[in-house]
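Okay, so subunit A shows up in both of these, paired with subunit B first and subunit C after.
For the complex of A and B:
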């Protein structure tokens, strides 16, 4: 997957990014760049990362996503990880990789609902 | 049917193991030779021995029960004759091993307890000893050596039988252990968007792993926002178990759902506090019912009584 193919879509008030199945380091870095630029351009309320296609995660991915969530937070948005697969969740927990600044949702739909609610209602891993 | 599956799975004794066992009891090629030479005499007295053996079996209530009618007796007598003639066949390699293991499995399958099986060998020894010695009237040394060779071989046969019993028993035990692992972690949907998992028994690493897997899969399958994990059936909790629970809760959160830990009994609450386990991040309740209330709150649902029409 080439870095050019990260698409940042604006849906309602939020930004939506579908993360490729086996994200390489360069892809994840590019994702951060593009997301932050889009945040600036659209003044989005938040970021939804659709992880439903992701099959593997590593510590670089976890760290970059955590940092991105923190940066999005500084720019006034919330980050929601949507649709993580059970196997990925298990690996993540077993490797001790946490996403402390991100909210989670079962799917993109619920992630958008979550961002639409004014006060953040928990679900921090 | 299940028994058959179990006995077919067992690979009790390998060819190398069989060689080592023969070495251990000192069963040599010379012994095989003595037994080959005994064959004509053995064929002459096998009929007597088998008749006498079955007179004893049929006289005993427990063993009698295995022979429902005359036809059955005739059939097993023929098998017994074949077994005894096998002892003097002269070749004791892998084919012999396979045959003896098969015999062991058959006895295990029909549920004949090892004590009767072993007892039968004692009877055999008593019946065979005078007859073997009598076969060599002129050479008592050869008679004794032949007898010792025969007893060694019968001893090896007994070992194989015991091994078969144990292997079959162990296969049953491990299958049951697997089944317990399977049934002990059901995850059921109890409301739209709510699954419940009653944990029963102690939580070791293997079970937690499996439980976590199942719970996460069910949460996604049923698209549930809340998972109630009920630990009423967990007898005790230690730091490792608590850690496992925290991992499970964290994994469920990563999916975008929430865990409510229910069934925290007084003794469990005491233990957790004394151990210094921090569960303040997790919603906990003392009963599953209280947990369901929390779940409905999270889903912003309200249960109201029906008005009379």
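For the complex of A and C:
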């Protein structure tokens, strides 16, 4: 049982999840499930993951987020990672982590703007 | 080399990975590491603690501050009595995975730290030692 609480909020036409600062594996797995159920329920245009409070991104987190972005893509949505801290970005690149299915934005505002703009080429999950 | 404070964390489930991260974050911060190095050290600890949970089931993290007179560092020792690593050279290759990870664990962790040593005996276990020195 996870001690972290994950809330999936509907903001404009997107789903917004604020990721806790140091999430345990169970929280990250729960996040994936909740997001996919919310995608179906709200028919959102996509998912914004607010990473501005996240202090550690490891390979498990990266893999689960990448999977989630791919699943959101199959459901017709886009995923934006928003607000990654400089220290986390540096560590993530050095560790060799990739997020091939996700877009990125400096903050949540810009991420929501990004999802509000139509895609030129359609979705290729 | 003088001994600065240290401690240990028993690792036997995924939840203990968070416990290991928290202990290492406190230790690295107390030793005066900057935020980016703290993040690197904590992330390395997360990868190595996860290896113990994934491959050995349980083990232990011991950490200690290093005071070498002219420099200050943090040493983390991850020890388990799991199956061991049969081919260390292969395990250190980027992209190699035994199937449960991303194949980034050991080589990625090495890039985040200044020093890394692995002792492993098949059937007996693995000891991974990593060190980071504080930039002055």
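Operating definition for what follows: the second predicted complex is superposed on the first by the 115 of 125 C-alpha atoms of A that agree within 3 Å, B and C clash if a C-alpha of one lies under 4 Å from a C-alpha of the other, contacts with A are read in each partner's own complex, and residues count from 1 in each chain.
One rule holds in what follows: a residue touches a chain if its C-beta (ideal position, glycine included) is under 8 Å from a C-beta of that chain, and two chains touch if they have at least 3 such contacts.
Computed from a predicted model, the values in this text were never measured in an experiment.
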item: Superposition on subunit A - do subunit B and subunit C clash or fit; value: fit
item: First (subunit B), second (subunit C), both or neither touched by A:82; value: first
item: Partner chain(s) touched by A:99 [first = subunit B, second = subunit C, both, neither]; value: first
item: Which superposed partner A:22 touches (first subunit B, second subunit C, both, neither); value: second
item: First (subunit B), second (subunit C), both or neither touched by A:62; value: second
item: First, second, both or neither for A:90, with subunit B first and subunit C second; value: both
item: Touching partner for A:13 - first (subunit B), second (subunit C), both, neither; value: neither
item: Least C-alpha distance (whole Å) that remains between subunit C and subunit B when both complexes are overlaid; value: 8
item: Overlapping contact positions on subunit A, where the subunit C interface meets the subunit B interface; value: 85-86, 88, 90, 94
item: In the complex, subunit B residues that touch subunit A; value: 212-213, 216-217, 219-220, 223-225, 247, 250-258
item: Partner subunit A, residues of subunit C touching it in the complex; value: 14-15, 17-18, 21-22, 25, 35-36, 38-40, 42-43, 46-47, 50, 94, 101-102, 104-105, 107-109, 111-112
item: Footprint of subunit B on subunit A - complex, ascending; value: 80-86, 88-90, 92-94, 98-99, 104-107, 110-111, 122-125
item: Residues of subunit A that touch subunit C when the two form their complex; value: 22, 24-26, 55-60, 62-63, 85-88, 90-91, 94-97
